[in-house]
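Structures incoming, each one as structure tokens.
Shared chain: subunit A. Partners: subunit B in the first complex, subunit C in the second.
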Partner chain A sequence: MASQGIEIQKADNNGIICLSLKGYMDMNSSPDVRDVLTEHFDRSTKAIIVDLSEVPYIDSSGIATLVEGLQWSHSSEKKFRLVGLTPTVKDIFEIARLLQVFEVFNTLDEANQGV
Partner chain B sequence: MDSKPVTLTIPSDSKYLSLARKVIEHFLSYKEVPPDLIYKVVLCVDEACSNIIKYSYEGKHDCPIEITFRLEDDEFSVEVRDFGKQCDTKSFRPRDLEKIRPGGLGTLFINSIMDNVHYCTERDCGTLLTMTKKLNFAASKATPQES
Partner chain C sequence: MTEADKNLMYFNPDEEESPKQTAATAPKDAPEPKPEIMMELRDVSKAFGEGDQRIMVLEGFNATFEKGQVTSIMGGSGSGKSTVLKHMIGAYKPDSGKIFVDGEDITGFNQKQMDTVRKKFGFMFQSGALFQSMSVEENVALPLREHTDLNETTIKIMVKLKLEMVGLRGCEHLKPAQLSGGMIKRIALARAIALDPKMVFYDEPSAGLDPISIGVIDKLIVDLTKKMGITAVVVTHELPSAMRISDKIIMLFKGKIVFEGSPEEIRTSDDPRVIQFINGSPDGPIPFSKSQVDLGEELKQMNFL
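And then the complex of A and B:
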């Protein structure tokens, strides 16, 4: 059964980790994102930026995965930022009242400022 | 345009959630429902199925989830049926939004987006979840577009 999976591209710029996601973030694919994300929850990571500009769909498991990143950010005092939320994905964050809780940027350039 | 009910049965395997999403998405696109509304009702069905996989079937991958949906007078209605463990539906509460933690968001999305949500456990096994949402898209569809 071919499901709508997710592609994860990773870039490490001197400890600033950028994860670019492409595809559907649901109960099936979120564990893959979580695995990659939690690899970087360590001292050598300065910041994590997650690019969601090519994620047309996210469910509660996808958001829960990103909330784990937020919790890491709070406990480690490192930056955890989101980039490029599509309007429909932004709506879902809004329903969960998480849009003001995450640091959300329109572009990668903006997200890289001040990390 | 109204429709006869459509029933789809998927296994309780998260790999099949995308199939259910695609079928409902296609059905509503064909009925000319706006994409943002499609996303929201599809999300609710997806969350309901995810909860069944996690809680009713406790991760078992080969149990049936029956999804029956229709569109009538601009109202989308969907029944999601499982045959697994019956849970205390009163415990299905959305999480406190002031507490930032993973989990509990699926029920929040269902309760926030759908107009009516009803869980029925008065059966031998499993639960029947019925959800409806008035889509109110026909009026905007009938409005002539400005040139």
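And then the complex of A and C:
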């Protein structure tokens, strides 16, 4: 599948990093997301929230990239949360049996609670 | 099949999101939506040899392969199954006819263009075709390392996810020689879907397996096809397996389609060629000899003088 490209917007709210993605998260665009994501795998980051509400499709490379966030969360004991999964993306997480592994929220406000 | 599976059958990631039609929103008596066509072979013919030696291996072959569906191609040895498969993956060019992938005519594509098309394809070979010197992880990761710029961490996680899908997570370190025949096929399947293909070709996926392993492979093919919205094309001799997994069966004889329909339709077919194939009978319209010329005539025409 040809990559449709992805836009990544970043917001830093006192160490709570919110990455808003827009576009297809596939084998062509996942490395770009990973580069931005891993920049924040450090002590100064309190939590990472990834907004997927404008991601219509994610492939296994995209899921693998988000799993790295999960691993960082586990090792650093910080929060790594996903927001706004579109129905298709949610289905793909379910197929990979990972929907229960991630902390998933419907809205950014909900995701910001308790980080 | 669950409702979610049904919805996924018609999922096309290239399309914009649209609200899924549910039983509650669908108009009453609405016909089931037709699955989209992933590939079409239109009036494809192919011959090998020249003059008297010319053999027609495929003649006026017409078929569509739908997204989220399993289509099995069956037939005896020399019926043209492999020739169809080779046309589908671009290994053969048809003498006449056209081949469409995702609505695009690929018949005249050059090697470079075909390489791009093949990125949509996954292949599971009859033997598994795993590299014996490589571990399971290395075998499954191979297409990712060869065809993407993904970093090693991402690749290792992806391999784990694929192995989970085929039920073999934890076998990453093993070598093919340490695996059973059924496990080799499952690893080959994990490798075939490593690049998240839109279409997977299975060449005799159950050949040489015990009945339970065949059942496992069959279930995996159906699950992956329905849940991931993949278009599956299975070339097989195994009739029970084809009956279990197929949405559509195409039966070939002498390069022509003699039957196309659902497993239920094949069961009730009164075509003697179909009946002979189903019963595995050596006698019938499908002859034992593959020769197209009468033996007596051929002997008479042999000239040693």
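The rule is short, and it goes like this: the second predicted complex is superposed on the first by the 112 of 115 C-alpha atoms of A that agree within 3 Å, B and C clash if a C-alpha of one lies under 4 Å from a C-alpha of the other, contacts with A are read in each partner's own complex, and residues count from 1 in each chain.
Rule of thumb we're sticking to: a contact is a pair of C-beta atoms (placed from the backbone, for glycine too) under 8 Å apart; a residue touches a chain by one contact, two chains touch by 3 or more.
What you see is a predicted model; the values in this text were computed from it and never measured.
K.L.:
Following the overlay on subunit A, give me a clash-or-fit verdict for subunit B and subunit C.
P.N.:
clash
K.L.:
Touching A:Val101 in the superposition: subunit B (first), subunit C (second), both, neither?
P.N.:
A:Val101 contacts subunit B only, not subunit C.
K.L.:
Is A:Pro87 in contact with subunit B, with subunit C, with both, or with neither (first, second, both, neither)?
P.N.:
Both partners, subunit B and subunit C.
K.L.:
Would you sort A:Ala64 into first (subunit B), second (subunit C), both or neither based on which partner it touches?
P.N.:
both
K.L.:
Just which bits of subunit A does subunit B share with subunit C as contact spots?
P.N.:
Subunit A residues touching both partners: 1, 24, 26-27, 57, 59-61, 63-65, 67-68, 87-88, 91, 95-98.
K.L.:
Given the complex with subunit A, which residues does subunit C contribute to the contact?
P.N.:
4, 7-8, 11, 13-14, 16-17, 20, 120, 148-151, 153-155, 157-158, 161-162, 164-165, 195-196, 198, 227-228
K.L.:
Taking the touch rule as given, give the residues of subunit A at its contact with subunit C in the complex, in rising order.
P.N.:
Subunit A residues touching subunit C: 1, 24, 26-27, 30-31, 34, 56-57, 59-61, 63-65, 67-68, 86-88, 91, 94-98.
K.L.:
Give the list of subunit B residues in touch with subunit A in this complex.
P.N.:
13-19, 21-22, 35-36, 39-40, 43, 46-47, 50, 53, 97, 100-106, 108-109, 112-113
K.L.:
Touching subunit B in the complex: which residues of subunit A?
P.N.:
1, 3-4, 24, 26-28, 57, 59-61, 63-65, 67-68, 70-71, 87-88, 91-92, 95-98, 101
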